[in-house]
Amino acid sequence: MIIAERKPMEEIEESVAEYKKVLVAGCGTCVTVCWAGGEKEVGILASQLRLARGAAGNEIVTLETTVERQCEKEMVTEIKDKVAEADAVLSLACGSGVQTMAELFDDKPVLPAVNTTFIGMPEREGLWVEMCGACGDCFLDRTGGVCPMVRCAKGLLNGPCGGTRKGGMCEIDPDKDCAWVLVHRRLEKQGRLDLMREYVTPKNFRAVRRPGKVQAAKA
Amino acid sequence: MSTPFREILKKEGFVVTTEVGPEKGSSVSKAIEHIELLKDKVHGLNVTDNQSSVMRYPSLGICLLIKEHGGEPVLQVTCRDRNRMAIQADLLFAHSRGVRNVLCLTGDSVDVGDHKEAKQVFDLDSVQLIHLVHTLNSARDIAGNELSGGTDFCVGTAASPSSDPIEPQLIKVEKKIKAGVDFIQTQAVYELDEIKRFTDFVRNMDEKVRILAGIVPIIGVKMAAYMNENVPGIVIPQRIIDELAEAPKGTGVAKGIEMSARMIRQLKEERVCDGVHIMFIGREERVPEILEAAGLV
Amino acid sequence: MDTKIAVFLCNCGGAIKNIDFEATRERISKIPGVTSVDLSSGLCFEEGKREMVSRIREEHPDRVVVAGCAPEFSECVFQQVLETAGLSGRSFSAANIREQCSWVHDGDVTGKAVELVKMAVSRVRLLRTLEKKELPVSREVLVVGGGFSAIGTALRLSRIGLPVTIAAVEEVLGATQDGVESFYRCDIDTMKSAVEGDRNIEVLTPARVTSAHGEAGDFAVTIEREGERIRRKYGAIVLATGFTTELSPVSVKGLPVVGGAGSPANIVSQEQLFRMLDNGATARKPETIAFLLDSCDENSRFPTLATLNNAIAARVKWGSEVYVFCKDVKVDSEGAEKLYREARGCGVVFVKCDSAPRLAIDDGRISIEARDVFLGADTIVDCDLLVAEEVLCPPEGTEALADMFNIRLDSRGFYQDENVHLYPVGFEKRGVFCVGGCRGDLEASRMANDIHSVAMMIYGLLSSGVIEAEIERVKADTQKCVACLTCIRVCPHSAIRLSRVDNGKEIAVISDVACDACGICAAICPAKAIVFEGYRDDQVLAQIEAIGES
Amino acid sequence: MKGRVIAFCCEHSAYPAADLAGRLRLHYSESLRIIRVPCAGRVDVIHMLKAFEKGARAVLVLGCEDGACHHITGNTRARERVEQCQVLLDEARLDGRSVAMHNISPNAPQKFVRIADELVNAKEQSREAI
């Protein structure tokens, strides 16, 4: 799932400073799940904006909506009337949602209210960790299902760097596991440590050509 | 010509630079040949940086050779292969060895080169790179730390006046000029009007920036077709293709030289721009012929 | 049609003096939707209630607001009145103009009273009624454990008519206490034969609970016994897995001598000493015995009783010199004070020391040195038998059971009961209970108390065969729920699970039985999908809206 | 509703504490308005923000004493949300101290009155300061 977090209020406020009526648009999928841009966050941000602008004597009118998936044109189209009513759209969707909205309503400024951070999973309630770097060349089969591309601070492919802390923690953050220690534990448990001994050739960074495109097999 | 390039740029005259392409390998004999041949005929020798994303002998290495042989090198730096730390370190080294001119470029994508699976760095872009050079010039690194000795680089960059659409390109040129450049080399251009418009645009912003029109001789119909097809930002007009088509077989190179020289004369006489940058890739030894035909020697 | 709201103003038999009820009535009657305002002086008296019923029958309001005393006492009274008059009890809202207005302010009390009524009116307007259902429950109870408290609970439940299954990991019931009943102060044999003769109790040994899910009245449990898998439904589950003890390591010059290999034979546990005293198996009566107590574990109720009993027995039977090294003697257990006096009386010496005693072993004799707090000097005792301090621990498998029933463990790994003052034997997970040693440092008399209270609670829950529940009081909107699992992770009552609904979509489904209506989920839901009737967002916000309106 | 102070009171602790204050005739600021909630954990950030939008001078969230929450984690959740709300208010350049969380037991009416009065007075002073 895509993880995002809300931008600092100051930044958001600055981006809508010149607008009087703003549509605050949430997304009902990934960013709802990661508490960054669902209906609850839409309500909070809209209220906070009204309070801030009201206190500054520069009142703002907010409209609120949450689209099931902002990265789908068909779903975004459903809110076109609300968009038409507003001077600008403040989107709490991931970068993909913001761009879909911006493309569909290309005469309106569509402004991001969250920073899209990574693809991850919840470690516990309210805490998400990065799991996948969308490299386009998955080699989790060789690493016991732990991706060192993103879970190692240096993205190393052939084992840990020399900085692993006591207890198998990362040199740059004692709260984070060294990915290669995790790989080792996992492969050891499965009796497949030989996999870790194999040389991993330099990564094929061409696997995802930017901009990425995936064409599904024709049905 | 051992006058510093920066001084040349300040003078009224017509500036001429050309390129030395490093070889793919540790041998530098060919480069030395070209340096010896060209160093006194032009104001500056550009050394390409893994040109077309093909891994080669480093630009910086050839620049040092140029210095050793008494020429004036222009160090090309792209953002593709090095992050901001490596670029700064290289620039400090270059400066310590007398290299004084830097051409700040984005760099081609690795997709077009011979290491297609490589990770592209692009930690910075060309505008940020220009800022970086100025920061070093003020004796600081871009993290804000003071340096034991700063640099004093003359900063250049490149532009594509034939791009379509041109507007976004011009906005970027505008940012580069604001960041501070002493000269701009253009991508190969074949229409005087285009250079004129570009020069006007730049002069409007900053009169002091010198513009060197990019000259790439076209030596055959096939080459023209290939470039039109595959090199973004280059448009070879039909009249040039026609003229090449009429040339007798085996005279393509001569024809290309002739047409380039004609264009250089026009540029100089009509004061369309401040100089030229001649890129005769793979045929560096024939650059003097162009210069001669254009009356620049 | 607009909602018709009837407001009843009550001056509480004149106890609300400083509010101008006439003015209040006038101002309230202007609130849109308020169709009648009645004044009363004693709405909760029989006559007041009768009057209220007849007014409701006359006026046919959809909703009722009572402005008077605190709803804490009167809410259920008025809800019954509404039901008598044919309205749902959920059509009611109170305006607390007595405790939170009249009695605490001077000034414009009438103005505030009007505002409080407005708040109640704006809330009551938005209330929805809920369907009530009687959900059938299983009356069978599973008791996990095979010791004193497990058997005791099973017998007690059986006696009040509930069928019981005992599942214990031991080979036979009472294995721990076997042979040392009087050490544990329980008559396990009699209890065991009572179980054998009880057709209402089924015993599964050695058996382990391997999975459990569901809610109060309806738990599906899998029990494994010797490779056989038994799947059953239970209405309630009692955890009675007891405790074990470990000898606290004692070290001599940094070398552990208890708990490690090569531990001297003359360092024993309380139970070992009890057996020695009981069967006279020791060849030579120890001349001097020392006990260590409470130097590393504060939870010493059980070890204190064991120490006192053993110390007295050693004095009386063997005539040994007996020393007890302790910080404190905790005598809050039943009979402990008496035992302590008896021990002192028969010559047991208590050495109060504020730090752990130091030990030295020389040729089999153990020398104990400790600073006596009262003497202010070091005391050295050479003994030929040392009774090591015992620390209570949860038995193996406690964590697995806690995971299974989603209940918390305290810092020492015992079951953390919901609220030690209010519901010591219950958990936040309704229908799951714990008794006895598995919830900490309890002695037999307290265990017996636990057994009584858990039996009462289970009787209340299951005896009628049904649990009455309001349907969908807290509910996740099928359309809005994105199955983010947040509510499931935060629910303190483990009342929510992921479930496929009719259209095949997986969403959070909240159990009407297990839900305790706290609303934590509704507040945290990032999709605003959880609707908590009575405290919906709009119902809360409507009250805020009504404040200060005039 | 300019100037009102809104107190979200948990029905297991703060609400009975307020009632007890009433029975003991302990006076407190008239501007206090109590909204009854089943647990402090029910109070959502948006409830607090909307109260300020409506012109509330301050918002109080009152839950059970630490470790004695009827719903185990409700009071700690409430505290987290109040802290979040404080940040949100500060970000909006309002005074984050206008919202506060307190733990209270049902038999502590004096504490209820003290908390209420302290917040009301603090806000009054800060208004005067402005």
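When the chains are written out, they are named A, B, C and D in that same order, and each has its own residue count from 1.
What we mean here is this: a contact is a pair of C-beta atoms (placed from the backbone, for glycine too) under 8 Å apart; a residue touches a chain by one contact, two chains touch by 3 or more.
Owing to the predicted nature of the structure, the values given are computational and were not obtained by experimental measurement.
Distance between Cα centroids is largest for the pairing of chain C with B.
Computed centre separation for the pair chain B/chain C is 80 angstrom, with centres defined by C-alpha atoms. Separation between the centroids of chain A and chain D, computed from CA atoms only, is 35 Å.
Chain D has its Cα centroid 69 Å from the Cα centroid of chain B. In whole angstrom, the spacing between the mean C-alpha positions of chain A and chain B is 40.
Those residues of chain D in touch with two or more other chains are numbered 44, 46, 50.
In chain A, 40, 43 are the positions where the chain touches two or more neighbouring chains simultaneously. Across the whole structure, chains are in contact as follows: A-B, A-C, A-D, C-D. Taken together, the chain A residues at the contact with chain D in this complex read 8-10, 40, 43-44, 47-52, 54-56.
Interface residues of chain B facing chain A in the complex, by the touch rule stated above, are 110-111, 116-120. Chain A meets chain B in the complex at residues 202-206, 209. Here chain D touches chain A in the complex through residues 44-46, 49-50, 52-53, 88-89, 91-94, going by the rule given at the top.
Chain D meets chain C in the complex at residues 1-2, 4, 6, 11, 15-16, 18-23, 25-28, 30, 33-39, 41-44, 46-47, 50-51, 54-56, 68, 70-74, 77, 81.
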